[in-house]
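Common to both upcoming complexes is chain A, partnered first by chain B, then by chain C.
Coming up: the complex of A and B.
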């Protein structure tokens, strides 16, 4: 029963990891920017929701909308004012990585200073567990997490497959020169990728704030998980990122069966490490970039 | 006041050793490691363990720490041989997280979260470095040796091979360079010397715990290299001086609450990293790199 409980918890957490990782993977696939500040987007979104909903007692749909708005603005601003200028002078991986990492450090400390470094959580009826079978507790949030994740993923696939912007996004991930030849503006499409990728963190951020709670360092953790899931799943594959997110969530929880909770993160990174050494292209990866 | 300055200067020396060794793999080998604090920690823990269990002799602690760190560096060299760039950064981050967990959980050796206390001061040939000024001299001499040694290696044929690999791995391979061996050796050198800084740190403070060896520390070391100027001889030293003195300088600002100094410091260097990347990617001491 404990095992089943851990798997259910794993699926709940994993669905949210998957969703965040898909956002990261979408940005990376389309723009080739390793967006280390993706975790910062997550933290901003979660804290805005917390502040509006739990402190100012705003109605929840408005809180979520506000959080979406801020996080999209953050993603687009980063693309315009940080990555854009860097790419126009020196587009090497290293400068972009450092710029992005710098933003993540600043955001984490700003949040720590404004909201405190302690642990906070949004009280909600959704996170109250119900005993489904003897010894098996499931909260409604688990169901919501899975349904939202699947809905967002299917929605995203439809968007990428059916709409013009979606097709342009996929084209950009193949070749930005060709996109320009067809008279589209790669900058505008990359802005879209940032908006969409950042938007995808909101459901995960909101649900995480209700279930496992937040602290100022959460951005760093989420960033690590997204990067890990993207690499394990295979860079450029959204499906891979989603599956790997789920896998990491389950692995992290299953680790509790045998090890102390402090080790759960370590187990996740052992998986990442093994993948990088043994199969750098991930499960669904095309070719390993060298 | 003198004691305060001596203390700062000693920490500057230790951080400069770390920045110089990190710059060696980042700037010349193109291996962007976010796990440098791991080897700093390994050096510190090995020194502390030996000092508490057996002897305070620096001549024994140093080789032991360098050897252990060098052996563990295989864990860093392995992904470095397989992948480059972002992938490697991710792998090193994973390694850093894993190592921090080991540091805080392996209680019989590392003392867990509480750390190890009462580490006796180091000694060479029976002479204990109890006076802070003497210890500063020791750290300063070590720093000079490390800078000279690193600069010599960079200028040697090994250093040129390293830069060739950074700029184009396949070209270096085509010229018959043993890429795997050169990368492994460079990581070994960098981490072994990094452990020396760890030994000095443990012996100097006589107290260590996992806090000094986390991802925040790795980020700080990387910031030192980047702010100073990656791939230059003096850049990392300048970066280490600036970023070590920054928190001390911030304490003179009366309107800042003490508890916020750490995070203000991190915000400043985070912002510095972003702005430098936008306006001057080569760092303060950077000279325009050629066709890199």
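Coming up: the complex of A and C.
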């Protein structure tokens, strides 16, 4: 029963990892910007939801919508006012990374100043597990996490495959010159990537605020998982990032079956290391040719 | 014109000399607290107490000049703590530093010993802290005393014999594990499982499954800061209904206000907040007024650490001796016993104190359920 419990826990955690990883992968794939502040987007989203829903007692759909609005505005503002100016002065990949890292640090400290640096959580019945079978506990949040992750991923695939802006996003990930040739504005498409990528962290952030709770430094771990999942899944592959997020979540939990909890995180990095050595292109990434 | 210039130079020199004399009487001590990061709650708590003690000492004019504290942020990380300690010793030239957290305290202790700077810990409880040399003092009973108070209570009085330990993998967690391993068997209890977690872990649903699988009577949590709250919440959310127990790390407002922590037991040193002794009475009253929080053992410890410095520095000044680390140590050995919050405190030879312990239950604000005499 312990094994089954760990698999179920892993699927829940992995679904949330997948959602955040897909957002990061979408932005990185389309814009080639190492958006380190993706973790900060997650933290902002979670704290806005917490403040509205748990402190001001705003109705949950409004709280989620407000969280979406703020996090999209944050992503777009970063693209326009931080990354854009750096890129316009021929800033290197590393310069943009440092800029993004700086934003993440500032956001973490701002959150700490405004909301405090201690632990907070959103009280919700959704995080309380019920015993489905002897020794098998599942919280409603687990089901919601899986359904939401699947719905978001399917919706994203439809958006990217069937709408003009979605196709333009995919084109941008191939070549910005090609996009210009077709009379499209790469900067506007890049902004869409940031808006969409940031939006995808909201479900995971909201569910995390209920199940695991929050602290001001939570963005760092989210970022770590997003990068790991993007590499394991194959850079630029959304399907890969989603599957890798799920794999990492399950592996992290399954490690507890036989190993000390200390090894749980190490297992995640072992998988990452194995992919870097044995299959650098990841699950679904394309092999680079010279 | 030349004479005027000479007078001006002379006047300026006198002014500088006078100013130098005045500031030489002011005293400055250091404090290395977590002021940012996941454990900043503790730093905030400690600062409320140290600032209160400084204002009490300055109001009472116990020292020749004004006392102030140079705060440095350790983020509860040993590496940051060492950087802070070097700055306090080499730049601020302080003779007395307040320290917190076991890992940080151990990391700064070598600098304290080398530079003959007194380091006083009021928050870390790893038993190793008793072995860090003569310049490292503890104004808090260490975790071995906490475990030795809690284990008999749970096994003998509550009949909870099967323990599972969830501990953070650092010197504190490891020492509590060692202490539980050695103290449970003679009492008729057993440590069924010890699950170590990295200090940055945030997901504990899998740990909860392992805890349930071990079928414990009691789950002892040895972590700190935001992480211990996450452990408590996720254990409860994931079907762990057994008694929770911990050490003095639970004596923070975040745990007191966490609904899932209700009923958890934790140890602290014995302090009667309703005591009639004037030091405790004044601290309890003014700490509440100033910080809008109920007093905790941690707050009392750091208040005591500053008060201790005031008593030692004042005695040195009266004797016409400079306030240096060596003189502070000699004076502490000479005086031996001090009136602090919680009552009269006597230092052991190894720079630690012993105290009666109390077992508290989280119920909004902690309530004392058992008092354990000084070992």
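The rule we apply is simple: the second predicted complex is superposed on the first by the 281 of 290 C-alpha atoms of A that agree within 3 Å, B and C clash if a C-alpha of one lies under 4 Å from a C-alpha of the other, contacts with A are read in each partner's own complex, and residues count from 1 in each chain.
The criterion applied here is as follows: a contact is a pair of C-beta atoms (placed from the backbone, for glycine too) under 8 Å apart; a residue touches a chain by one contact, two chains touch by 3 or more.
The structure presented is a predicted model; accordingly, all values stated were derived computationally and were not measured.
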Next on the checklist: After the alignment on chain A, I want to confirm one thing: do chain B and chain C clash, or do they fit together?
Outcome noted: clash
Next on the checklist: Just to be sure I read the superposition right, which of the two partners does A:2 touch: chain B = first, chain C = second, or both, or neither?
Outcome noted: second
Checklist entry - Which holds for A:265: it touches chain B only (first), chain C only (second), both, or neither? => result both
Checklist entry - Regarding the shared-chain residue A:121, is it in contact with chain B (first), chain C (second), both, or neither? => result second
Next on the checklist: Let me test your reading of the model: by the given contact rule, A:34 touches which partner, first (chain B), second (chain C), both or neither?
Outcome noted: first
Checklist entry - Is A:250 touching the first partner chain B, the second partner chain C, both, or neither of them? => result neither
Next on the checklist: After the superposition on A, what does A:227 contact: first (chain B), second (chain C), both or neither?
Outcome noted: first
Checklist entry - After superposition on the shared chain, which partner residues are touched by A:212: those of chain B (first), chain C (second), both, or neither? => result second
Checklist entry - A:99 contacts which: chain B (first), chain C (second), both, neither? => result first
Checklist entry - So, does A:109 touch the first partner chain B, the second partner chain C, both, or neither? => result both
Checklist entry - Common interface residues of chain A with chain B and chain C? => result 109, 112, 260, 262, 265
Checklist entry - Which of the residues in chain B end up touching chain A in this complex? => result 32, 78-79, 82-91, 93-95, 97-98, 101-102, 104-105, 169, 215, 219, 222, 226, 230, 260, 263-264, 266-267, 269-274, 276-278, 281, 292
Item to check | chain A to chain C touching residues, read off their complex | outcome: 1-2, 5-6, 9-10, 12-13, 109, 112, 116-119, 121, 123, 127-129, 131, 135, 137, 139, 211-213, 215-218, 221, 252-253, 256, 260-262, 264-265
Item to check | chain A - residues contacting chain B, complex | outcome: 34, 82, 85-86, 89-90, 92-99, 101-106, 108-110, 112-113, 220, 224, 227-228, 231, 260, 262-263, 265-266, 269-270, 272-273, 276-277, 280, 288-290
Checklist entry - Of all residues in chain C, which touch chain A in the complex? => result 36-41, 169, 195-198, 200-210, 212-213, 225-227, 229-230, 233-234, 237-239, 252-254, 258-259
